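The following pair of complexes shares a single chain, chain A, combined with chain B in the former and chain C in the latter.
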Partner chain A sequence: MKARTYPFYFAGGALALYLIFFVIPSIMGIFYAFTDWNSYSTEVNFIGLNNFRTIFSSGAGQNYLHFIRNTIIFTITTIFLKTAIALGLALLLTGGIKRLSYFHRVVMYLPAVLPILVVSLVFKSILNPATGLLNTFLRNIGLDFLAQRWLVDIHLALPSVIAVDTWRGVGYIMVILIAGLMAIPDEYYEAASIDGASGLDSFWHITIPLLMPVLTVTTVLNLLYGLKVFDIVFVLTNGGPGRATDTVYTAIFDEFSKGRYGMATTLSTLLFFIMIILGYFVIRLMHRETEG
Partner chain B sequence: MIIRKIRGLFNHSVALVASLIMFIPVYLVVVNSLKTKVEASSMGAGLPTTLNWQNFAVVIERGKLLTAFGNSVLYAVGATLIGTTLAALAAYVLSRNRSRFNRFIYFFIIMGIAMPTNFVTLMKVMQLTHLINTQIGIILLYSATSIPFSVFLIYAFVGTLPRELDEAAIIDGCSPIRLFFSVIYPLLTPVLITAGVLNLLGIWNEFLLPLYYLNRSAYWPMTLAVYNFFGQFESDWSLVSADILLTILPVIIVYLFAQRFILSGMTAGSVKG
Partner chain C sequence: MKRLVIVLGMLLLGVMLIAGCSASPAAPSATEPAATEPTAAPAAVEPTAAPAAQQEPVTLTYMASQGWIKDAELELAKKFEEQTGIHVDYQIIPADQYFSVLKTKLNSGEATDIFGGQSGKTDLQVQYDVEKNAVDLSGEEWVSRHEPLSLDMVSLNGKVYGAEIWDTVASNYFVVVYNKDIFEQHGLSVPSTFAEFKDVCQTLLDAGINPIYEPISDGWHHVLWFPMVGPRFEEVDPGLADQLNANTAKFADVPVMQEAMTELNELYQMGCFGDNALSDAFSDTNAKLASGEYAMSVTTLTAPVSIETDYPDVPAQTFGFFPMPLADNTLAPAHPAGPSKFIYSGSPHIDAAKQYLAFLMAPENLQYLLDNTPDFAALNFSGLQAKWTPEQQAFLDTFPAKSIVYQDAVNYVNPQWMDIGKDMVGMFTGSMTPEDVLASIDQRRADMAATAKDPAWAQ
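== the complex of A and B ==
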């Protein structure tokens, strides 16, 4: 009866597109990861675990572990920065101020709907060491020593990229946290204040525990985004200076454009397995949320 | 009382500064798009001394923005319609008939939210299917990328619609297809708008897929056109700003009209009351 009212072929279109453009390339990728597939020869040879060995031993002139390290640093730092700043702003907009709260919410979410390409281009000019707005501003208020060579300095490039991405993503996380905060009943806070709890007590013993499920979701979103980060790095620094800011995805693009398809697909496959394992936990998490 | 007032003032100032910081890039783009080349050379925050509206005419012509705009509309609208409709059909049957197999298919599809794209082998698939460097290819590709998240959003919403509707329609002799399109589809409107707007903006803003899979400049969307325009006119920030402004203007307009749906969609996906 159910199968007749809700025929499975309804799902066919979505399933077909998903299989063709997501699943099949990923499975092909696993196969090609064991080959020397490249643009210079039509032959594709099986080379076993060689590609993986190249990634995990950094002697081959290309420091792949460095890209993986950058990706992990980027991911972890942006998770912490975005969550902390977004939580601060969310608390401010739900409790600190009443008037204009919705206006601020709309403005702060704006960076999340702009193309990452555009955000990166504009920040490239803002962070220009000689003429950029940031350094001009710092010099004008007498803080010359803070005017750095942001995206050009090998030690500051990655932190600068992280800062720009935090700017871009914080409003999005904030909006989710605001919804979470508004779902906490006021009675809890009233009861706590009658019992003599301070604002800080309520924050640690009511807000944080009740916000935990939402914080988990935002962390997962930041995690999935961070591991796959590409656009912002590609446009801001293109992996430079040198290869100081290269991440896994920009390295894949680099290998791809040099015609080393086997290597590119090996990096992709590595990421695929990590994401699938994470995805499994994410789905269990979301599942629990929707059922509960 | 005074302490309370000071605290209120402090809170408002912090919120205002935060909003200003969030708004700076858009502001910079707007003021610099109207400056002369010399005036805009440092992409400064000052107001333009003369209003150079001709910048827009120049970028529309030299940046081939009309074609690019047409392409972006075609890709974003086409892929959103295809992707959201297919996702709605799938989410509907998977949510209504929760057999063991269907549940597996549902999880299998939303796994795509986490799954990274393998651009190299996808290139191979695009070549084998002759979809590479074609507009229909990029539309199908974008439809596919929107499916996992749309299925996830719509699946949860279908669960809130009463089953009695379906039963009544079936008793009245509705076919499954008619039941979906004349009874269920209209009721899905709120979630379809949310999913649709998110997909529309996401596709409009994307530039990686065309960068890989469209090598003819006549097929480029706005974002890729801006990227290449920037490569050619890097020194001329007035023109680059004008080009950027024309690219983000539709995004900002859609956002301002649909912000309620966007903000609610974000939370529907992640917070369950």
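== the complex of A and C ==
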């Protein structure tokens, strides 16, 4: 340790900036979760765990647990859907389809390049029950019974948002998985086929284990994105119908705009800890699988 | 030890750097374009410009929400600049973000010289804290000409804090606008009870016509059905608003409120609002009414005139009006609260701002604003010439406004408007009952009262 080339304080400037702009505000943020900070008063009073108590006791009109439930459903479903579809597409575009495979990759990736706002506004119009493209198409081909009230039916709204988000996010995950697949040496597959392994065997015993580090990355990315989801929900349904699709971040936005800063900070603090805990376990779990 | 000193030194340097960046003298405003003429700006003394013997040209900044500032007012601002050399810089903010921006500016002490705000006692006290943030205007000349109900909406504890230049009747009344031709074709007459109203809807549904265009997707419009029936609540239960404000009554316990909320849900479940109400938008109201696709909608008294402007082959006389008939209501609502103008107490140009407000409210300028604003039929000041259509006049004569709507009369209702809207959609889609919606309103009122340290909720 004594053989360091540069003394410790060379990092001091960067450290000071990091401390001032990241560490201190974060700690202050967590502190505000224990206060009644709001826009109606200049006083900030310490109120202990009251905000947390409100979240977990959910009285009339304050369905915080419902928002957390929605966020978790959204996150888990999108992780599975995006990973499964992206893996299927990645396999197709690296092995199955030879012709124009680069073109297909670009097409699949395109939604990830578009701003979420634009995607959401376009889908909002496509999914309009009366005038939307989807229902008009379904009615024109005689499938009237499939024409649903996508974003305004209480049971379909969240699945519709999940579907749109999957469509938008799958290309991004696919590109990462393609890179992972291309890094697996062909020799393994050749050796396996000489030993008489079927395609499915190779997939389970070569592709998946070797792809695991990449899958860990995509899962963590999807997890963090899912827990923080805001814009797509905000534009597509604004948490509606009623509060059926409200997530933690739309609730935070709502609290902030009502001037209840303390409560909003509590929600984001809670989410911060959930993210740290889940992220840690996901990485450990998937890391162990690759080792085992 | 030496290392510690160095690290601490670096930290100190960083802090000083940041402090240096943020510390600026209390400048009046960052956006101060110079006015064109250096003419005298009476009473606007600038203590910052010490060496200059001449008065400096003043720019007043004015922040308002979209839709609050009419073109005619901008014209008046130009005229004001010609006369006094004081430039008025209007900053218009999109409606859905306005209150967040305004509250942030007020809280950080950076509000514009004049700021717009919705009037009403709760808003004045809780949203803008006018006693701290706004200038007392009680001594101004125009106060005596301001209509008393409107004046009350911009006053708090006996002092006038704002000026509400608005058409509080034609632009503020939300009533049922109906297509007279459709009613006539199906032998329908204006309903006076909820049962009759339901029959009207059923007849129209049977005839394949959508009864009511109700744009729920905007989030605010369907809420109108409830607090706008306030005069009826007051008629059935005299003194209810006072009891609600004193926290001796709760929405959820009032039978007439339960009745109104249940009936609104009934209308939705009957299909009176059409299949697509949850996706319908307010901006399409004129088109839907003009096309005859829908027979009715809840909108303002000026809607027929603006329909005629948009669709010249549909004359304004096609439409008539009646009050929202929930809970057998037959009363027109008085709704004196509206967009108002306040002078920021931290403004360095308070006198110039007062001068501008006095200019806007000079009788000839008010008349100019009224004559040149299509949405206005009258203004809330005495001594002006109104421009009612025969249909509007007939409505005003038939349905007198007895008492004021509940978003004005009852505290902590207006600020939770959009939340009530979300709960109502929950009711329409079956996740909440009418009782839940009312209980939820009570809950939010209690939260707001606690934040505002309202003594009625203290025990």
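Quick notes
The rule is short, and it goes like this: the second predicted complex is superposed on the first by the 249 of 292 C-alpha atoms of A that agree within 3 Å, B and C clash if a C-alpha of one lies under 4 Å from a C-alpha of the other, contacts with A are read in each partner's own complex, and residues count from 1 in each chain.
By our rule, a residue touches a chain if its C-beta (ideal position, glycine included) is under 8 Å from a C-beta of that chain, and two chains touch if they have at least 3 such contacts.
This structure is a prediction, so every number in the text was calculated from the model and none was measured.
In the superposition on chain A, contact of A:R243 is made with chain C only, not with chain B.
Of the two partner chains placed by superposition, only chain B is touched by A:P115; chain C is not.
When the two structures are aligned on the shared chain, A:G13 is found in touch with chain B and with chain C. Residue by residue along chain A, chain B and chain C are tallied for touches, and B comes out ahead.
Within the superposed three-chain model, A:L151 lies in touch with chain C and out of touch with chain B [touch as defined at top]. In the superposed model, A:N140 lies in contact with neither chain B nor chain C.
In the superposition on chain A, A:G29 makes contact with chain B only, while chain C stays out of contact range. In the superposition on the C-alpha atoms of chain A, the part of chain A touched by chain B in one complex and by chain C in the other spans residues 7-8, 13, 15, 17, 20, 128, 256. Here chain B touches chain A in the complex through residues 8, 11-12, 14-16, 18-19, 21-26, 28-29, 41-45, 83, 86-87, 89-90, 92-94, 96-97, 99, 102, 105, 107, 109-122, 124-125, 129, 140-141, 143-145, 147-148, 151-152, 156, 159, 166, 170, 176, 179-180, 201, 204-208, 223, 226-227, 230, 237, 240, 244, 247-248, 251-252, 255-256, 259, 262-263, 266-267, 270-273, going by the rule given at the top. Within the complex, the chain A residues that touch chain C are 7-9, 12-13, 15-17, 19-20, 36, 38-42, 59-62, 128-130, 149, 151-154, 238-244, 256-260.
For chain A in complex with chain B, the touching residues are 2-8, 10-11, 13-15, 17-18, 20-22, 24-26, 28-29, 32, 89, 92-93, 96-97, 99-101, 103-111, 113-119, 121-123, 125-126, 128, 131-133, 136, 167, 171-172, 175-176, 179-180, 183, 213-214, 217-218, 221, 224, 227-228, 230-231, 235, 249, 252-253, 256, 261, 264-265, 268-269, 271-272, 275-276, 278-280, 282-283, 286-287, 289-290, 292. Across the complex, chain C meets chain A through its residues 3, 6-7, 10-11, 13-15, 18, 99-100, 103-104, 107, 126-127, 129, 217, 219, 275-276, 278-279, 415, 419, 422-423, 425-432, 436, 439-444, 451-453.
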